[in-house]
Amino acid sequence: MQKLITLLGVEIPCANDGITVYMHESNPVKELSLKQLSDIYTARITNRKEVGGPDAKITLYGRENSSGTYVFFKENVVKADYAASCQTLPGTAAVVNAVKKDKFGIGYGGAAYAEGVKHCMVKRDDNNTAYHPTEENIAKNLYSITRYLYMYMRNRPTGDVKKFVDWALSSEGQKVVAGVGYFPVR
Amino acid sequence: MKQEDYDTDKKEFKSGTGLSLSIVEKQFRFSDWFAEKLIKSVSFFSIAFVILIFLFVFRESLPLFKGKADPEKTEITGDELSHSGDLRPEAYIPGGEVQSGEELSPEVYSPYEEAPETEVLQPETYGDVIPETYSAEEQTGYFSASDAYYVTDEEVDDPVRTLFSKDWQPVSDNPRYGLLPLFVGTLKVTLLAILFAAPLAIMAALYTAMFAPRRMKEIIKPVIELLAGFPSVVIGFFALMVLASFFQQIFGYASRLNAFVGAIAMGLAAIPIIYTLTEDALTAVPKTYVEASLGLGASIRQTAFSVILPAATPGIFAAVILGLGRVFGETMIALMATGNAALISANPFDSVRTLSATIGAEMAEVVFGDTHYSVLFLIGSLLFIFTFALNAVAEFYFKNKVIRRIQGK
Amino acid sequence: MKIKRKIPVSVRVVKDAVATSLTGFTVLVIIAMIVSILGITIAGGWKSLTWEFLTQYPKDGMTRGGIFPAIFGTALMTLIMTIAAVPFGVITAVYLAEYATEKSVFAKTIRFAVKTLAVVPSIIFGLFGLGFFIKFMGTNIDNAFFGGELRWGQPNILWASLTMALLTLPVVIVAVEEAIRTIPRDMREASMALGATKWQTIRNVVLPGSMTGILTGTILAISRGAGEVAPILFTGAAYYVAELPVSLNQQFMSLGYHIYIMSTQSTNVDETLPLQFATTLVLLLLTFSLSLIAVILRYRIRKKAIHSS
């Protein structure tokens, strides 16, 4: 899929997205390292106890393998195949909805979708501090799981398209980006 | 009874044609002949469609059996690109043209080229942005040698061999297309759904056919048949939003979306099918049976359970089998309400991934011509064959049995 | 007789009562389930079901606004589907009811094919639409007429409608055949006696007489087609379109697909829940009122048949 994308025309990063780890609001676990996340999603850690929570089984929620988020999270965080027990839901909203209603659930997805669930702080490894996926932390590269959102075009934009692209990248357009829950690229 | 009447109709109708005025007949013979041929050939399309459906679904899965055709297939043509683009509303790739081969990385367009951010704004693929943020891990990696199990090394070059494995991991460095968990999941859901739907529907049909007063019958039947008018996406939505939480409160299981919730919802879709066909089977039992039984002093209950039900058993089996076929291929409910985890387990409260939901979820964004794509079509062909076989069994085996039984042979 | 005497009458009466109430109870359970789905949908959605909701476009990333394009898309799709499916269905039904003899293997094969079409899972139709209409027909049309430019070899409303037409074909055939069979034989004989040929009889007596049946079949097909999602998942349904489809090779929004994406992919599921319920309500009202009309029409056909025979 990635090969496919790079073969195409023009790629314009237009927003920054923090992939957030969702948890139920009552969940006492505050922070997880990338390794812990990987262990959780490959089912090497199956109990909340092992990451500093109460004794309870963790339910995994994720996206369908047709999703970009699935691939991104797999390649950059899990770095192996997901455990079979990971429930793959057809949309990020479905993941959020599932975690919202599951005290022992953990899910991932774009920051824009996280309504009614807790963000988990993420740290690179045990020596680093954990950060929330806030605009500031993402701009400073402190939050570990971020990705760009792109616009794709056949050719370099001209005319009205160029105007639109310029607008989208202007501070005005980036305000809209921030308004819907993503983070500005500049 | 009606059928027989009709047959005699037809014979007379035919001899009628023969006797009708020959002068008129000669004048219009061509149009008549033409109309009949045309009607007959158009009717043939129903058969053609069934064959076409199988052929074209199967055709797309053929590359799997040709062995090593992969490198050739991953070659991207403008056509295929735009397909995948158009099928992905979230990330639309406009146009179908691939830029000239030499330039593989996209041009990066930014009006702020002088700004320091441009460094960051030049990702080739989105994966490359990340090493900047935690390149340390990338080099050392947090997988020690002992973790090698998770980064399965053994390269499986023949995808067909993985079809029988226990893993469904189509998007992976080492993709495995094990259909086993999907089969187990589908069977589990189907079984649960039928266990829920069949008794309810058969009992209800029995009540409608035997016990209900005539007035009530005329209300009950259309109301239950209205359930057939519920689109499966509506039932899926209801299961996802309402049923899942409701059952979780009652049973307190861990995963909210699971085989059980999906099965109840699919049972709802199967109930009207089983109900209608069972009711038909029950009312098809000759009146003489009922009269004889009642005449011997049996009550309606005794007649219903000891005479009608046994006589209609093959018909009821056929009804259940058709209900089974419906559940087996149900996509939207499975997609929305079962959680879609490809597990092999016997626990009804575990999440499952069914064959049809796998197609529904993954087909939209799969690379055309890829092995994954072919495997999904293979699943489609298998689904087709199963439902075809189920239908054939219901149609020929059980229907013949009904006819033989009713004719007293 | 001896065995029967051993059972006291009162036990039998109790058993009868238990059997009646137990089976009657299952009917109640099923009806209760139907009513609760309906009730919950209405309770969740009726407040959002306003005129604006029906006539506006979705707004703010589909968190507000209406579902007009989805209603329009569904209507247009079912219209094209009807145009494609009804003639095929009626002709096949005429063949089965008028020309086919009881022993004909051809007719038996057609019957079996129609039944198969009726039970093949809807997702298979989606795969077929993708493999046949889009990849085979579309690509070939593009190569033949547009020099390979991408026009028809992509998901669009025409391919989605044709896929749906295949799915609803058996619905039409069954309903129309049933209606044709209720035309009394005196009418056919009268026509023949006046010198009409078989085809003239079909055209002037049988078809006009089964108009209600054709209408029933059409309505049932629309009701079925409007609610199906799986066949259009990859043959033409779009997440969002900014403009209504004006050409047959454009994608479209559909009510059923809208429910699916709203409940799984909208940015805030809880906030948009009333909208989802309202969309569900619209779809349910649509399919329900259609099948209700069909049920009434069918009932009248059957009654007419009983009276005339």
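Miscellaneous remarks
Read from first to last, the chains carry the letters A, B and C; within each, the first residue is number 1.
By our rule, a contact is a pair of C-beta atoms (placed from the backbone, for glycine too) under 8 Å apart; a residue touches a chain by one contact, two chains touch by 3 or more.
Note that the structure is a prediction, hence the values are computed from the model and not measured.
If touching chains are joined by edges, the resulting network of the protein chains shown connects every chain directly with every other.
Just to note, of A-C and A-B, the chains joined by more C-beta pairs in contact are A-B.
Distance from the subunit B centre to the subunit C centre is 16 Å, each centre being the mean of its Cα atoms. Averaged Cα coordinates give subunit A a centre that lies 40 Å from the centre of subunit C. Computed from the mean C-alpha positions, the centre of subunit A lies at a distance of 32 Å from the centre of subunit B. For subunit A, the set of residues touching two or more other chains reads 89-90, 94. With touch defined as above, residues shared between interfaces to two or more other chains in subunit C number as follows: 260, 263-264.
Among the residues of subunit B, those touching two or more other chains are numbered 90, 95, 240, 335-336, 363-364. Across the complex, subunit A is touched by residues 61, 260-261, 263-271 of subunit C. The residues of subunit B lying in touch with subunit A in their complex are 74, 76, 81, 84, 90-95, 97-99, 104-112, 115, 117, 120-121, 123-127, 129-130, 132-134, 136-137, 141-143, 147, 150-152, 167-172, 174, 181, 240, 244-245, 248, 254-257, 335-336, 339-344, 351, 353, 361-367. For subunit B in complex with subunit C, the touching residues are 5-7, 9-10, 12-13, 16-17, 20-21, 24-25, 28-29, 31-32, 35-36, 38-40, 42-47, 49-50, 52-53, 56-57, 59-60, 78-79, 82-83, 86-87, 89-90, 95-96, 199-201, 203-204, 206-208, 210-212, 220, 222-238, 240-242, 268, 271, 275, 297, 299-301, 304-305, 322, 325-326, 328-332, 335-336, 356, 359-360, 363-364, 368, 376-377, 380, 383-384, 387-388, 390-392, 395. For subunit C in complex with subunit B, the residues that touch the partner chain are 4, 12, 15-16, 19-20, 22-24, 26-27, 29-31, 33-34, 37, 40-41, 88, 91-92, 94-96, 99, 101-102, 106, 109-110, 112-117, 119-128, 130-132, 134-136, 139, 142, 148-150, 153-155, 166, 169, 173, 181, 185, 188-189, 192-193, 195-200, 202, 223, 226-230, 233-234, 238-240, 251, 256-257, 259-260, 263-264, 273, 276, 280, 283-284, 287-288, 290-292, 295, 299, 309.
The part of subunit A that touches subunit C in the complex is made up of residues 89-94, 96-97, 100, 112-113, 115-116, 180-181.
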